[in-house]
Structure formats: C-alpha cells, structure tokens
Amino acid sequence: MNSFGNKFRVSIFGESHGGGVGVVLDGIPSGISLSVDDLMPDLSRRKSGGIGTTTRKESDIPTIVSGVFNGYTTGAPMTIMFANENTISNDYRNLVVHPRPSHADWVAQHKYNGFADYRGGGHFSGRITLGLVAAGVVAKKIVNCNITSDILEIGGVSDKSKFAEIIDKTERSCDSIGGVIECVVDGLSVGLGEPFFDSVESVASHLLFSIPAVKGVEFGNGFEASRLKGSENNDMIITSSGETKTNNSGGINGGITNGNPIVVRVAIKPTASIAHPQETLNTESGEVETLVIRGRHDACIAMRAPVVVEAAMAIALAQFV
Amino acid sequence: MNSFGNKFRVSIFGESHGGGVGVVLDGIPSGISLSVDDLMPDLSRRKSGGIGTTTRKESDIPTIVSGVFNGYTTGAPMTIMFANENTISNDYRNLVVHPRPSHADWVAQHKYNGFADYRGGGHFSGRITLGLVAAGVVAKKIVNCNITSDILEIGGVSDKSKFAEIIDKTERSCDSIGGVIECVVDGLSVGLGEPFFDSVESVASHLLFSIPAVKGVEFGNGFEASRLKGSENNDMIITSSGETKTNNSGGINGGITNGNPIVVRVAIKPTASIAHPQETLNTESGEVETLVIRGRHDACIAMRAPVVVEAAMAIALAQFV
Amino acid sequence: MNSFGNKFRVSIFGESHGGGVGVVLDGIPSGISLSVDDLMPDLSRRKSGGIGTTTRKESDIPTIVSGVFNGYTTGAPMTIMFANENTISNDYRNLVVHPRPSHADWVAQHKYNGFADYRGGGHFSGRITLGLVAAGVVAKKIVNCNITSDILEIGGVSDKSKFAEIIDKTERSCDSIGGVIECVVDGLSVGLGEPFFDSVESVASHLLFSIPAVKGVEFGNGFEASRLKGSENNDMIITSSGETKTNNSGGINGGITNGNPIVVRVAIKPTASIAHPQETLNTESGEVETLVIRGRHDACIAMRAPVVVEAAMAIALAQFV
Amino acid sequence: MNSFGNKFRVSIFGESHGGGVGVVLDGIPSGISLSVDDLMPDLSRRKSGGIGTTTRKESDIPTIVSGVFNGYTTGAPMTIMFANENTISNDYRNLVVHPRPSHADWVAQHKYNGFADYRGGGHFSGRITLGLVAAGVVAKKIVNCNITSDILEIGGVSDKSKFAEIIDKTERSCDSIGGVIECVVDGLSVGLGEPFFDSVESVASHLLFSIPAVKGVEFGNGFEASRLKGSENNDMIITSSGETKTNNSGGINGGITNGNPIVVRVAIKPTASIAHPQETLNTESGEVETLVIRGRHDACIAMRAPVVVEAAMAIALAQFV
C-alpha cells in the first residue's frame, strides 16, 4: 500500500512520466500557516542541478489542491500535486526487454504482469519522493523540533573536500557512486514512541527504507555498538532532564525518545542506472546481452537525499507528537 | 501500539514478572497443522542456558488458548500464553530510583507517569520476544520458505572459534558484549512487497527494530554499498527466473523480492544491564550515584537473538504471501 | 481520517469550492481495463439536473492522474480529480455566523477552531461523494458481481408514481424531503467477510454511514426482524449451494456472505439546507435569529443517492474479494 | 480481522467450548484505576439467568493477565481472560451435518474449509462478547461520560409490562423473539468524530453490527427522518453551547458530535437457535431434513444485549477522545 501512518497519514501517487506525482496528507491539525512558499525551500534542496545530479530539470512547483484555506490548514486532507514536464519517454522502451541490473524494472514487470508504467521507472521513480519532501515540510511544522542532515561519506570517503572530485571522476567514467547521510533531530520531548512494534526506530526505519536506494539504517552508534562492551556503550544519565554523558543510544531507549538528540545514519547505494555498459537478460530472447542505459540519471543520488531523509524522519515523528 | 500487520497480525502482551506473556495471532489460514510440539524447537533456541545467557531459567511451555481445533488452525485468532515462573522481583526495586543506563527504565517511568510495571523491565522485557518467536513459528508455516540465521560477529570478531572465549572473558569482568546476526531467506517467489512504504525492507526493518537491543539493520551489502560504484554494486540478471550473478541487493529491488535470497544483517548492542558499577542519576535526589545492577542478565543477548530475527523476518514476509 | 480500507483503500480529498475534489485508490490489481468512459455512467447517475436536485450544474468530468497506462490499471495508486467550476461562494458568508440547523456548519467551526473552509460546506460537502462514486466504479470491476439499487420510498411513500408529485410540492414550499434506498448485491461467492469486527454488515455500514445524510442502515429484514419469532425469521437452507427459502438474513450470517443476495436499506434524511425560514443561533451575538438559506440545494438528495450507496457497497465488498 | 480501533484497540479471541475467551486492549492511558471488581457489574448485566436467557451458567470471572500493576493501568496492553466451564459439546456434533437456519454454522464450515471449531458456535459464539463487555468497562473509563441503554421493544411491543409475558410465551413454544435496544450517550464534548469515513455513526455502526444478531442501526430519528421534511426534521440551535430544540440528529452532524446526547437504536433479531423443529439441509446427503436443535439457548438474546450495545458505543467513542 502507498500510504503510511495512523496519526499523520501520507499517501503518495503518480508516475515519473504520467499525469503528475503528488501526495495526500491526512491528520493535519487545523490552523497551521502553510503556503507554496513554505514548501519551496525543501523542494529546492531536493532538485537536480548540483554536482552529481541528473540533467532532467523540472520546475517542481507544487499546487496545493485542498486542505488549505486563507493561508492556514483547515484540518481536512491536503493534496499537493506536481506536474511532469521534462519527460523523454522513448529513452525507456528498450528497458522493458532489457531490465536494468539492480533496478525495479524486472520485478515491476513480474509483479504487475506487464501492466506497469515503465516510462522513467513509472511509480518506482525517485520522482515520487517529491511528495515525501512536501509531506516532510508539513510534518516538520507539526513536530516542531530541529531536524538537520548531512552527507557523511561519498564512496566511503568522509573528507567533504574530496566529494566533488570523487563525483566528477565517477561521472566521467559513466558510473555512479553511493554515500551515507546522517540526520539529527534535536529538541524532542521525552516519551515519544512505543515499546516494540511502534518503537521510534521501527517507524523511522520503515519510512527510511521506503526511500529508493536506501540499503542500511542505524541509530546512535549502530553497528559499532555490536563491537562494544556494555560498560563502553552504555549512556550514563547525568541530569534530571535525562541528559546522558554519551549518546550511543541515539536518543532512543526501549524504542522511546529519551530527550537526547536522535541520531540516524542511512546508507545510499550508487544509482543503478549507469551509462557504463552492463550485462543483463534480454527477457524476450532469454540471452544475456550488453545494455547501455540512455536517459538522464544522477551519478550520486546521495547528494539529493538529505532532505528526503529529513522528511522521512519528520513524518515518522509526526506519528507520535 | 503493540500489534503489527494487516494480513498476518501479531499482538503481544505481558510483563516480565506479571501474570504471564503472550501473543494473539490473527489472519492465519485454516487447516495448518499446529501443536505445542511445533512451537518447542524455536522456543528452545531462544531459551537461556547456553554460554553468555542469564541464569533465570523458565520452562517457557506455551499454552495454545484458542484458534486450534483437533490439531489444525481454525482460521480464528490464535492466542498463545506463557506463564512467568522464576521471578525475583525485589531485584528491581532499586531501579525505579536508579534508572539503568541505556535501558528503558527512565523513559518508561516518564512515559507512563510512574505507573509502569518496573519488575524485570515490565513490558519492556526481552521476555516479550517469547510471543514473537511463537508467532514466527506460525509465520514460517505460512511463508513456507527456508529461513536460516547465523551469528556473524561477537564483539566485532567474526572468528566463531573465539566467541566462547570472548563471552567468557566478558562475563568474568561483569560486563556484556554485542554482536551481529545475519539472516537469509531462500525460496521466496518473485514480486513480494510493495513499492515505497510497504517495501520488504520497510516492513522487515520495522519488525527487526522492534526487537530490544537492535540498533542497525542492513540488506544485501548494506552500508558497504554506499562505498561502491554502480558498476561494482549492480547485480547482473543472468537467467529468465531472475537469478543474479551477485546478490548485493539482498534479494530485493524497488522494495520487491527478485527471487534471489533475502540477506539481512542486524546489529545487537551489548545488554544494558551489567553488574559492572556504573554512574547514573538518583531520580529522587537528583544526584549522580554509582549503581551496581543485581538480577540475572545475559552477558551476550546476541547469542539468543538468531531465532528472534528469523521470527521477525517470517512475520514480515507473512504480510506479503 | 479520510481513507478507508486495507485491501482496496479509498482516500478522499477536496472542498466544494476549493481547488477541486478527488480520490486516491490503492490496492487495485493490475490489468483492469479502465478509462474515463468507464467512469461516466455512474458519475452521470449522481449528477444534478433531475427532479428534486440542485441547480448547481457541474460537468464532473474526471481526470485520471495516475495508475492507468495504455488503458489498463498498473497496480500503482490511481488518482482521479474533478475540477470545481460552478461555484458561487458568497452564498456562504452568512452561514459562518448563522450555522444551518442539522448541518455540519457549527461542528466544523468548533472542531477546526474556525479554520474550516466554509464555502459550499467545504470538505463536508456532498460533492466529496464524486470521488466515492468514481471509486465505486473501480470497486465494481474488482468485485465483479451484480449491484443494483432502487429508491424505495420518498417521504414515507412507496408508490413510485407519487415521487415526482411529492418532490414538486416540497420544492415549491421551499422545503426538502427524505427517502429510503435499497441496494441488492447478487452473485457474490460464499465466505466473504469476517466474524465480529470485519463482518460484511460492519464494513458496509461503516461506509454507508459515511455518506452525508444517512441516518439508518438495515440488512435483510432489519428492524422488522426485531418484531419476529425465530420460527418466522429463520431462513431454511434448501440447496447444497446454500440457497435459502427466504432471505431475511439479507445474504449474511455471522457477518459472512451465505451466497444469497445481500439486501441493505439506507435511510436518507431530508437535505438540511432549505430556503424555508428557520431559527438558528447567531454565533456572534448569541441570539437566536431567523435564517433564510440562499444557495442552490437539493430538495430531495435521496434522488441522487442510489449510485452512491452502490459505490459504498462495492468499496466495502472489495475489501473481501 | 478480530481487532478494532487505532487509538483504543480491542482484539478478541477464543471459542465457546475451547480454552477460554478473552480480549487484548491496547492504547489505554496509564494511571486508570482498574480491578476485577470494576469489571464485574457490566459482566453481571450480560450474564444469563434472567427471563428469556439460556440455562448455561458460567461464572464469567475475569482474570487480568497484563497491563495492570498495583491497581492501575500501566499503559501496556491489558489482557483479560475468561475460562470456559459449563460446556456440553456433544450437543453440537449434529450441527456440522445439519447447519442451523440463519446461524453461522454453514458459512463457517465453508469459509474455513471444515476446520472451524463448531462446538457451541466456536468463535462465532455470542460468548465472545464477554471480551467486548470487559473492553467496554475500560472504554467507559476513558470516555468518561454517561452511557445508558434500555430495551425499547420486545417482539414489536413497547409496553415493558408485557415483556415477561411475551418471552414466557415464546419460550414455552420452543421459539425465540427479537427486540430493539436504545442507547443514549450524554456528556460528550463537541467535535468528536471525523467527516466521512470516520464519522461517529460509521465507527459506532461498525462495532454495533459486529455484535451477533444485530440487523439494523439508526441514529437520532433514523428511518423516521426519511419520512419527514427538512422543516420538520432540522434541529434548531438555541444556545451558544450548541444545544438544539429537538435532537432528531441524535447528537451528530456531519459525522461529528454536536454536544447533544447521542441516541442510537439497534435491532436484535430473534435467536437463530430454537428447539422448534425446522427444515434444513443435510450437507452429507444433500436432502432437506427436519432439525430439532438441542443445547441451551436464549429465547430472547435482546434481554442480554443492552450492556453489549453500551460497550460497543464506549469502544467507538474511545477512538475519538
């Protein structure tokens, strides 16, 4: 199903080259000041144009169809639409027969018995995250805390001064490269989340893993915790408001916020679509053939991911506040 | 909320030292052969008794209260109960005033305004995973594929011959140690999962992060993917059934199973409860004091985690089959 | 929340005089032939223009934004939009201060703290049922059985030859009138629905009572059953396929379809908006004053309701097939 | 599925002659005073023993398994169990081959492919409402308003002095009789419920129709509204707190509480199980044969229904407060 959340519900729809993409948001309190101008900053952060991003340029101007009246949310569902403009669909015809390695092409055709819209990845396109980012803006207003994110690594390198160089080299070799995003949420109250199934980690990871290209999620010191002793890993509580000396727990104990900043890291794989020649199956002939993917793709989708990760975290936290 | 799933629903309940723990399972097809004997092998794998596990011994014999008639599931909800037997509750009185570092004690008292059952961790106890393991047995029968798991690392060491030594040393120093579990699911059909919010990764991680002590989850090559180029990371499709040359995707593309084995790794932090003296807040005086945790705890909870991870994966997959 | 269903999910949005109304449908199987032409017949049945209906004329032409490709459903969410065209919003300014008796005006302003879009009833408008009817068309294709409906009574009179006369007289006296709709679903398989909470009656009534103006729902012989003896009311099973001699149960036993036609009746109250002078509160002065409602309203909304009732039944049944 | 609610969730389980019946409640705020003594009054109102009720006597003493500590709710899920004691299962063997007219026997065997527990109606038994009544007690504490109910009619007769006589006569003729229950909820705040799918009527009717034997539900003047003109049916708002001169709306406009009492009426059909000889199918021979139902049944289940109706209303309203 393409909706998420019981308290703040996000329903996404649309295809990359179809009539548009969008989102319906439900559970928004009335009286929140909201306009297209509020949406633009985060939408701009997601846009292509920077280093390592696709040459497909979209204006990505949202239309607020419902749920806002006289500049304020009404409490009714908010629908936000984005037109598709800059589409070149004949790039994709070849991919029905030659499914891209590590892309959804092959599973989509199987799952939907050949009826999936294959143009630009259809409903599997990263373009669907436009609605997620718009939802994130509204969620941030609901959650009302400080959410920031940062690119921690590109291609395993954490020296930010090297990022441009790595990406440039990758692009010139018709390849792509992955990265790690860290997101920090500060200023949350104590007690958000539920034990077990609706732990903050559970709900947040659910959303984070719905972002295309995410293959790993860790909270606090994450996988590093598995290498430590309890005496090294435990966070000593040092104040009555619950402040801890270290924050290896990443702000969450027993699935519940402890008042310290939430820290989460997300592994983004390299874009599957690369111009570099690759072997793949010809689904008609059954032969393995060489595929050269045309079309316009991001050499490093991680560059556009921070604001999407923030949106996912905001939407997750909006379930609890 | 303490229930999960729309198709196969798991509702857990109980406290570590209360009237018992259990689970209600809904959405089970009728006609599945099921008895207490079917539940025992996985429950035994979860039991304490092995190296690095607590000295609290529980018989953990399940009672099937409903949903089974004449040895077969009826299609009605199945309730499975476990009595609490070996409880020593006065170990825990001290912890209300001295919340254990990196444990749920402090957040539980805040979230529930002092009404939480603190004995043995109450509803936050790892004992609740008994119900999860029982649910996993039923889910495995529904999913009907091959689910295995393995302890990949203890304390950062992957040489299995060293595990006993590391844990023994940890126990003797009144400490605890973390580990990494890998789970592989083989024999699934193509097309399970949904794009975006109900991707297999989303639903599986939701459940995996609800297991106490889990702080990281990665699929396929996970965080390693973030360090690779597309040409290195992409999995070439080589047969008509979708077999890929490598399996860096961990059996999932676009959130949907591609027929190759699902591979997931889970980071387990060291048990928070250690006998080693630690500093923590005295919530009455507001002073930081030294705490020595009595009670019986696992030095390496990762040793008991594999079957719990399998159960989580089976429950996740039972939403899709 | 403005969405319904776990298997076939309907999310409605929009306001009567805002940017449009619409619906997002999720859980649609791929490969169902669908076009705007398929939607038009039921949308036309809902339209105004006939006897007893409003003079607000809307073209009600749907736009299928997503989820259909080359004439077939793709399996991705389908969004259907309707523009608002023929709006005269200044009819409604007066109603913020003078809430209409038995209308949502007063509760809406309270619930949403004065931020609700009051124009044309905003999100409470019967115009939202456009999306429901469109969803019904898709649901009917999924359910694939015979759904018909009929106006059983207008103003308590069951002689159809009198309907036009009653309504005409009502309109001329600036008043409105209620009615009863009966819907019959034939050709369903045995075994749809669940005991208790997801009984067919539960799920269907949930949707039927979400239709504005519905105040009563009964299945089979309904309230009449309360006046009978078991020996009079029980339906004798007379064939191996479960056919019963009578159908007082309305095709449902224990919440589950028994293969006989589902029969449901729905009571529609008279439109609350009448031009007839009425007393109501002036919310500013606190005085009771006389209100004469301008604007264009249906004298007998029951005339437009049959197709909406069918849609609700189809959406309900699409949860089970 | 056998659970209901997103905010206050009720999951029922059990069979009439199996290991017991019970309920898991989730979403209960911590700190509510609760004990078995609180549950007893409503459970007693549901018990058999009065006129028109079965001779099967059960002690119906609840066991609170979890979620209560030191006399107060903890915020964790509350499980309440009831043992089955007074079972005579061989009464039921005959009914597998001779499904009772208007009972769930036939659909249950079809839906669950012959695996359903048929003893005492199994999971379809009215005994499952024990859990509903217990849930209702907790819901009433959450909702904190005045919920009362009354038997309005028995067998179509509204003169209460005649009820005993009608039932007595019915019992002596080995028959059963239906009735109408009215429930009134007073003291609710304005603004509960949502427009459309989660209207108070929708959510309440969903629960009311899950009670076995309910075939009709109407709010306010219900079906009577369909016979009236708007000028007769509309409720004039006469005070700033929203008090209306009449209450034909039954306290709900646009799906949302308006501060006036909620009024709902529920039609209860006569018990399907009657000793009176009836024709039904022999599912083995395919012949229609005469069935005389043994076992112990209620001649007028409506006599036990008021507290169940109250519970359903309380559970529904607990979704909104």
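Should a chain be cited, it is by its letter among A, B, C and D, assigned in written order, with residues numbered from 1 in that chain.
In the analysis below, a contact is a pair of C-beta atoms (placed from the backbone, for glycine too) under 8 Å apart; a residue touches a chain by one contact, two chains touch by 3 or more.
The structure presented is a predicted model; accordingly, all values stated were derived computationally and were not measured.
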{"item": "Pair with more cross-chain C-beta pairs in contact, given A-D and A-B", "value": "A-B"}
{"item": "From chain C, the most remote chain by mean C-alpha position", "value": "B"}
{"item": "Euclidean distance of C-alpha centroids - chain A vs chain B, Å", "value": "26"}
{"item": "Rounded Å distance between chain A and chain C, as computed from the means of their C-alpha atoms", "value": "37"}
{"item": "For chain A paired with chain D, centre-to-centre distance based on mean C-alpha positions, whole Å", "value": "45"}
{"item": "Residues of chain D engaged with two or more neighbouring chains", "value": "1-3, 6, 12, 76, 111, 123, 195"}
{"item": "Chain D - residues contacting chain B, complex", "value": "1-3, 6, 9, 11-15, 18-22, 24, 26-27, 30-31, 63-67, 69-70, 72-79, 81, 111-113, 115-117, 122-123"}
{"item": "Residues of chain A that touch chain B when the two form their complex", "value": "1-4, 10, 12, 99, 101-104, 106-108, 110-111, 123-124, 128, 153, 155-156, 170, 173, 175-180, 190-191, 194-199, 201-203, 205-210, 212, 214-223, 225-240, 242, 244-245, 248-250, 253-258, 267-274, 276, 278-281, 283, 286, 288, 302"}
{"item": "Complex interface listing, chain A residues touching chain D", "value": "6, 76, 195"}
